[in-house]
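By written order: A, B and C. Residues from 1 in each chain.
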């Protein structure tokens, strides 16, 4: 890394990308710089963010990009709002697919819906309506037990036309998976 | 919201907290400001981030806090999931039409390409590069913020000659408006 | 005449893309003159498609018929086009011009796409997830939504078992015309076209005649507009017009 400003740019990018605490050790290994140097740059960067809505918190081990305490009230309002607003049709549609087809990979949900489901899935996750199984190589989505209970069901196969619908969708995936990557 | 600097702080916080595209509509409802005002502040903020490792990418609808294109090489190494950067000729052609002519109806895309674009459009939708606005009577297609991010731009008009090309295309259509409205 | 295009790629990209390639390869501007110049190349390509029996040929045939119109007009200036046909030709030029601008611009898109992308925040702050359903979620509603999903699944694109109509190829037409001329020495265009109910086939037969006129194999006479065209052989023996 030739220039200090460049190094700082990389550190900012890393902190945003990771979105969680990042150790100086990790920063130094990514950027091939000294650990103390990483720490020094972080401290300098933190100065640059004084008075902004984004700030850098750090201790002796790690640093994180966070929202400033000054805006905490608005952020908690936002959080609350996220959980209380009505679900969009896209979210309800996605939920119905996971109900009938879960556990299911995101790519399959996208394929069935014909649109990208990245953000709708996120909204369902945040509300505890679905969960992601990280154990499998491809993350698989399933509805939570809470959702099943909320629907008044004991098991998912009590859903209307459960087998037929599952079969029809499976058939669609099978028939089209060859040209899915066009 | 009393002060502009405060409003901008809140917007920065919201963008970081959400970590995904946030619409001006959402910003304006949380901060109880005008939608156009939200958009104006975002554009101003984007200016403040020029030269930093963090940047704001935005279009007419939403904005997102992202890493700068300058650090792409380093950050892409941290990304475990490989980005799908391949575009077939049909996809490139269709995406470009939407990029320079969007919001645009499918009939117009088909008209220019001389083929049925249904399947190409579907694959662009699934990849999250294009979105369909269902609010209008005829569904209109537009590129997503993800496309702008993929191009490493902060906004579309940073593309070489973007405005000129857009204007040239619009001019041609206007001159032939009797024919092109089918 | 060379058709050094990869057929499968071009089929996928469509007839306008092909047409634009043909024009740009000859470094021509988009206008009726250039379109009439590349018509033969285009038709030859269509005949290759036809041989391979590719189902996307319908897209190509509709453009082919417009090109034939343009070519007919260039070979026979007294030919009057109806407003619909004029629009068709104007549209074709417009479409090509738009596509040309887009294609040039798409080079920038291609150069930038995925090369140095911006990245979103990977992890969102872990919050304690509290189950937050809404009254929108019940079994019937979910069933309604999954039915919508099923309803909107795209129908699998199947190769049509039979084409909508069997279209006669240009070459077939040429040979037919030659045979007819040979038999009768003089035939009228109306007689010739009566054999074909499809407008497209009439146009193809018409073009075939014009092509023969140009090659010097036959003479075509039309005394005034709207009047029948008479075709007659110039030579007693006509070389077979084959591929």
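Observations on the model:
Here is the rule we use: contacts are C-beta pairs under 8 Å (C-beta built on N, C-alpha and C of every residue); 3 or more make two chains touch, one makes a residue touch a chain.
Please read all numbers here as calculations on a predicted model, not as lab measurements.
A comparison of C-alpha centroids places B closest to the centre of the full protein.
With centres computed as the average of Cα coordinates, no chain lies farther from chain B than C.
A straight line joining the Cα centres of chain B and chain C is 33 Å long. Separation between the centroids of chain A and chain C, computed from CA atoms only, is 46 Å. Mean C-alpha positions place chain A and chain B at a centre distance of 20 Å. With touch defined as above, residues shared between interfaces to two or more other chains in chain B number as follows: 16-20, 65-68, 70, 75, 78, 88, 119, 122. Each of residues 119-125, 154 in chain C touches at least two other chains. Note for the complex: chain A touches chain B at residues 5, 8-14, 16-19, 30-31, 51-54, 65-68, 70-71, 74-75, 77-79, 81, 110-111, 114-116, 118-119, 122, 179, 181-182. Partner chain C is touched in their complex by these residues of chain B: 16-20, 55, 57, 64-70, 72-73, 75-76, 78-79, 83-90, 92-93, 95-97, 99-101, 111-116, 118-119, 122, 149-153, 159-161, 165, 168-169, 172-173, 176, 178-180. Those residues of chain C whose C-beta lies close enough to touch chain B in the complex are 9, 12-17, 56, 59, 63, 87, 90-91, 94-95, 97-99, 101-103, 105-106, 108-110, 112-125, 154, 157.
The touching residues of chain C, counted against chain A in their complex, run 119-127, 129-134, 136-139, 141-143, 145-146, 148-150, 152-154, 156.
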